[in-house]
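Quick heads-up: structures coming right below.
One chain, chain A, appears in both complexes that follow, with chain B as partner in the first and chain C in the second.
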Partner chain A sequence: MAQKTVLRKPKGFMDVYKHKPGTEKDRTHYCPGCGHGILHKLIAEALEDFAVIDKTILISPVGCSVFAYYYFDTGNFQAAHGRAPAVGTAVSRANPDSIVISYQGDGDLAAIGGNNILQAANRGENMVVFFVNNAIYGMTGGQMAPTTLEGQKTTTTPYGRNPLSDGYPMQMCELLNQLTAPVYITRTSLHDMANIRKTRQAVRKAIRYASEKKGFSFVEVLSMCPSGWKMDAVRAQQWIKEKMIPRFPLMVLRDNAENTGPIERPVPVLDPEEVKKVLGYDTFETTGFKKRPGTMFRKVALRVAGFGGQGIMSTGIALANVGMKYGYNVSWLPSYGPEMRGGTANCSVKIQEDSIGAAECTEPNMVIAMNQPSLEKFEKLLVPDGILIYNSTLIDVEPSRKDIRVCPVPITGIADELGDTRVQSMVSVGAFAAVTGMFDPEEIKSLMPTLFAGKSEKVRKLNEEAVQKGYDHVKRNF
Partner chain B sequence: MNKQWEYPYPEIDPDICKGCKLCVAACPKNVLVISSKLNSKGFHYSEYVGEGCIGCGNCFYVCPEPSAVTVYLRNYVEGEVS
Partner chain C sequence: MPKMLMKGNHAAVYGAALAGCEAYYGYPITPASEIAEAASAIFPKLGRTFLQAESEVAAINMVYGAAGAGKRVMTGSSGPGISLKQEGISYCAGSELPCVIVDIMRGGPGLGNIGPEQGDYYQVVKGGGHGNYRNIVLAPNSAQEMCDLTMLAFELADKYRNPVFVLTDGVIGQMMEAVELPEPVEKLPDKSSWAVMGNAETKNLINSIYLGHDDLEAWNRYLGEKYATIEKNEVRFEEYMMEDAEIVAIGYGSTSRVLQSAVDIVRGKGVKMGMLRLITLFPFPKERINVLPDRNVRGILTVEMSNGQLVDDVNLALRGKMISDLYNRMGGNVPSALEIVEKVSELYGV
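Take a look at the complex of A and B:
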């Protein structure tokens, strides 16, 4: 690059900050002496010098630099608090040839976004993260940040940060240095000219690495916040030198670019046919069984609930599969949680002609309750006139609502008579078929090879019987 | 660019300067001073005393305000750098 004859506002900045509201479109919103402006300038200069302004996408954080997109003449995103590395990941994956810069403060990156940065670094995303460490939340008025020094007074640590109640300053470079993927990790400072020039070199190196697709670079910059620290800018530089550097030593923690080739990500599989194949749905066909337009249920919104181990999820999956075989739109949404260990487990199933929006059935028109707690929990959610199938083997209290249709079926008992309580699931599928009139038990039985793929003939037969028994019971009694 | 100049010098936009004094502290030749005058934002802005600049660029790089400082480096005559 030819030697410069003039040092002037770099082209990486907008000429006029036209997106900035108000009249002051010729200056930044930063406080006098704020380190953000210095780092901005170093970045903007490098983007111009490397002629990469047009292929750079900058992600602004939440914090004082939230408005970085007013200033940089690059592509810009503004991410939710702490999420710049996740947004940067998406941008980088979608535009692998672009230079992605995540620009973040220490509250943003190390507090609310602590995990985001670790994960992006761990994946070695091809991006540069500029991490402005000013030991404080600047924008919100000088609260403690993860990087606040021991003993440092902030608005939320008026007696000084006490590690016993507030923890120790977090050293993000050192933390990230535990990960395998990052290519370049360094900590620099803005406290004097020599170090501003070192920061400049680090900025340029990191941007160059990104343009060479070397992966994840992390540049931490110790930076003045004269307003938050309540001192003038020159004194703030001194404060960095005296207080911050002993805790945040300036050094290159890693520089592996020499040994790293350009990142080549596996090409994502986007072809739907290909996806179906991997998921084993390539041979899936609807049966061609005729839908029954006259059935009472045009739209099933079902909640199946019971103890973990009662085959609740299997019932849901079986019904969703059956519905799909018949060419309906279906969804199945399990709700696990601590309930996996006893208590109630449940799932939502939708089967309908129309396309499905939310998969959760908050207002089911049908509930299959396999035990008492499920009955109590889901009976009240049923819409008026909705249908409640309940397992009368295990539930001996009558449902209380009078505006619903109730259908007790001794599901566990029927299964037990068949010699295996595990077929409870298929008993309830049979009962469902009888109640809704959507499917014929014979048709469901013909699907056994799909529903019980890989299971023995004996298991299939038993489950066929279970479907029939559940179906017959409902037909006989209601 | 057809401008030419004999000695390096900084140009500080008195209206954009926020008077943070970083450039004053960073200047190795002490040729920047804070004006006794206020700009339209109420800041005492930084000024070049008029001679002594060696074109080190410190004030440019230390200034947080992108367009406050411009530094004309070296003795520049169009087309050649000395």
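Take a look at the complex of A and C:
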């Protein structure tokens, strides 16, 4: 008795193509003789056979397969032109247990999305890319693709593709095979039954690898486009055999998934208590110091300036930190970018009772100048009666203004005496504390664990000494 | 609550982490790179995804993917990078995907420079990419608000299924201030009715294609209604010394900080000046601005670090009742309080 074979639609397809507009919800939008339908069916069958339909997420590209989401009974994304591998990257990271399929044509993948496919492959994202190579832009009406053959006529190469101006057909499998991360790279064809069977094996292997979280698989499929090529279906199959395969040889370029372990992604921490712990809430000090009575300043608008590398920024940040602990409103604003590389660096620090408006100190009432150019630049910005602390180790010229108060401190010298030039920031902080009377040196020193988090006890001690020396120098001399 | 001295850029990342943002996709660009750097330091410690994308374009498409997968997701950039992201932002808006984009504006056009500017106002507030859509746009002016408004951005993004911008400039991104860190978000919204999460219950479709002309028009009408609801519910602004103000300065971001100083100086001379500081740029506080001339206000001065982009919207809001004056700086220059005081005195004779 001969068995009756019942052909049926694989369950990886929807029963009714509900997303497809119009009345023909039982057939595809593809042209007769097109390869997409065959490949779709091979994929849908594999999803059913491996029982992974529900955990599969398909990304439709721009091109003829822009409507692939009409057909597959999976989760579906439609992506911008060329970006399916980028979209797929995030989808895969978000759902590490899912099978992510990026289904792309040659214009989408090799032209506008060229970098995206290379980079997703290079990261070894856990996804399958089906690359339908039909050597032409089908959807837009037959223009040249990156894979268009030499001499092939298209609507944008009416005289045939000329490599001198249009370049050569891109061999994406060979290109991706230069990368370390991909686990499976193969090229197959749909032009006859034997090759459809080989494609079927490739499709199943790639989907199995994705379900085992093996990483990045790339299956290039040579596919007929009778409409774009302006031939009948039979002639199109022959054209693949005679013209495309010599340029795009069918072969497995890589298959090393067996030696690769499954990709494990971390589980996001969302529990509030755990989040607070990781963000270090318990390490922040919530207690502060009492403001000192009789300080000279209700508002400090300070400019710290010097060479890059003189600890300009860290001086400002330390002062803002200390000010914050005393309950003042504080702000710190750096000069940033190329300005910081070589030449002079400067920052603005505000420490005051009231809320802070502009953060930049355009009219500082205090300047700490660490070198000569900074002195020249910022001395003139000081308000009348403002205070200029300058680094007398490196600056031997007298400030020119007579309507300001001047306080030379050998900041670099004191730091060098302590054996480490880098502590000059804390010498400046000490000097500031003494000049303003706002901060107590002992209280500043108690902040060393915050100011020098992760640094050794020795570094902290040295910086404590620097604060004291800067403070003492000012107290002794002014 | 713990208080920490931090940069605005870092505060945005803390805000994201506290809001339950599970993924950051970005590309380095000055002056926004610290956002990516801070995310790369913090997110992996929380088991969340940080990925340095191969391009701005890839980054926004990763945002599209993560948002479609139901995750809270963020990216950050600056002017040129935002220009590159615009197609993807249009896709997010067209597919109603909630996402948060931080733009630390720099000087333009073209490569411009990395100084602070507000020249992205049009491209962010008016939509920027192709098609009929709006972004919700929040404009923080302090490190604290970089944290708080980033958290709010995630709430609004989910509430309206819409891209939300946190728009500020290099000054706010780079400056350090004390930030009081709030409590982390307890519970994230359930998105299973529309997101694609890799299971039988969420075999949804993330898509912005409507082939039928009537279908697409209907979709645009629907989006338009949503934007109208946002305009009704989400307008935010701050008033400074406005009770009796006869001269009103309008600004946002770092400009508003300078305006606060300028108002203090002018008030010191006994002149009644106030500031209207815009916190949402879309929805634009147009009703508040429109009623300004109904009282004793005799002068409105819009101050911006762009070429008259903000003042356009102020004048639209005034609907001809009065015309706002403009004072602006560009190219990386931040106006000083004294400059503004001089302008006020020149314009209004005070």
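What we mean here is this: the second predicted complex is superposed on the first by the 257 of 478 C-alpha atoms of A that agree within 3 Å, B and C clash if a C-alpha of one lies under 4 Å from a C-alpha of the other, contacts with A are read in each partner's own complex, and residues count from 1 in each chain.
Here, a residue touches a chain if its C-beta (ideal position, glycine included) is under 8 Å from a C-beta of that chain, and two chains touch if they have at least 3 such contacts.
Just so you know, these numbers come straight off a predicted model, no measurement behind them.
Q: If you stack the two complexes on chain A, which partner ends up touching A:Leu42: first (chain B), second (chain C), both, or neither?
A: first
Q: Looking at the overlay, what does A:Lys214 touch: chain B (first), chain C (second), both, or neither?
A: Neither partner.
Q: After lining up the shared chain so the two structures overlap, which partner does A:Asp232 touch, if you call chain B first and chain C second: first, second, both or neither?
A: A:Asp232 sits against chain B, while chain C stays out of touch.
Q: I want to verify the contact counts: of chain B and chain C, which reaches more residues of chain A?
A: C
Q: Who does A:Gln119 touch here: chain B (first), chain C (second), both, or neither?
A: A:Gln119: touches chain C, not chain B.
Q: Given the touch rule stated above, what does A:Phe13 touch, chain B (first), chain C (second), both, or neither?
A: first
Q: What part of chain A is shared between its chain B contacts and its chain C contacts?
A: Residues common to the chain A contacts of chain C and of chain B do not exist here, since the sets are disjoint.
Q: In their shared complex, at which residues does chain A touch chain C?
A: 19, 21, 54-57, 66-67, 69, 73-80, 83, 86-91, 93-95, 97-99, 115-116, 118-119, 265-270, 272, 275-276, 278-279, 281, 284-286, 317, 320-321, 324, 329-334, 336-338, 355-360, 362-363
Q: Using the touch definition from the top, list the residues of chain A that touch chain B in their complex.
A: 3-10, 13, 26-28, 30-38, 40-42, 44, 71, 192-193, 196-197, 200, 226, 232-234, 237
Q: Which positions of chain C touch chain A when the two form their complex?
A: Counting only chain C, the residues touching chain A are 1-5, 14, 17-18, 20, 22-23, 25, 30-31, 42, 44-49, 51, 53-55, 57-59, 61-66, 68-71, 73, 87-88, 91, 113-115, 170-171, 174-178, 181, 183-186, 188, 196-200, 202-209, 211-212, 215, 254, 257-262, 264, 334, 336-338.
Q: Okay, in this complex, where on chain B does chain A touch?
A: Touching chain A: residues 1, 16, 18-22, 24-26, 43, 57-58, 60-67, 69-74, 76, 81 of chain B.
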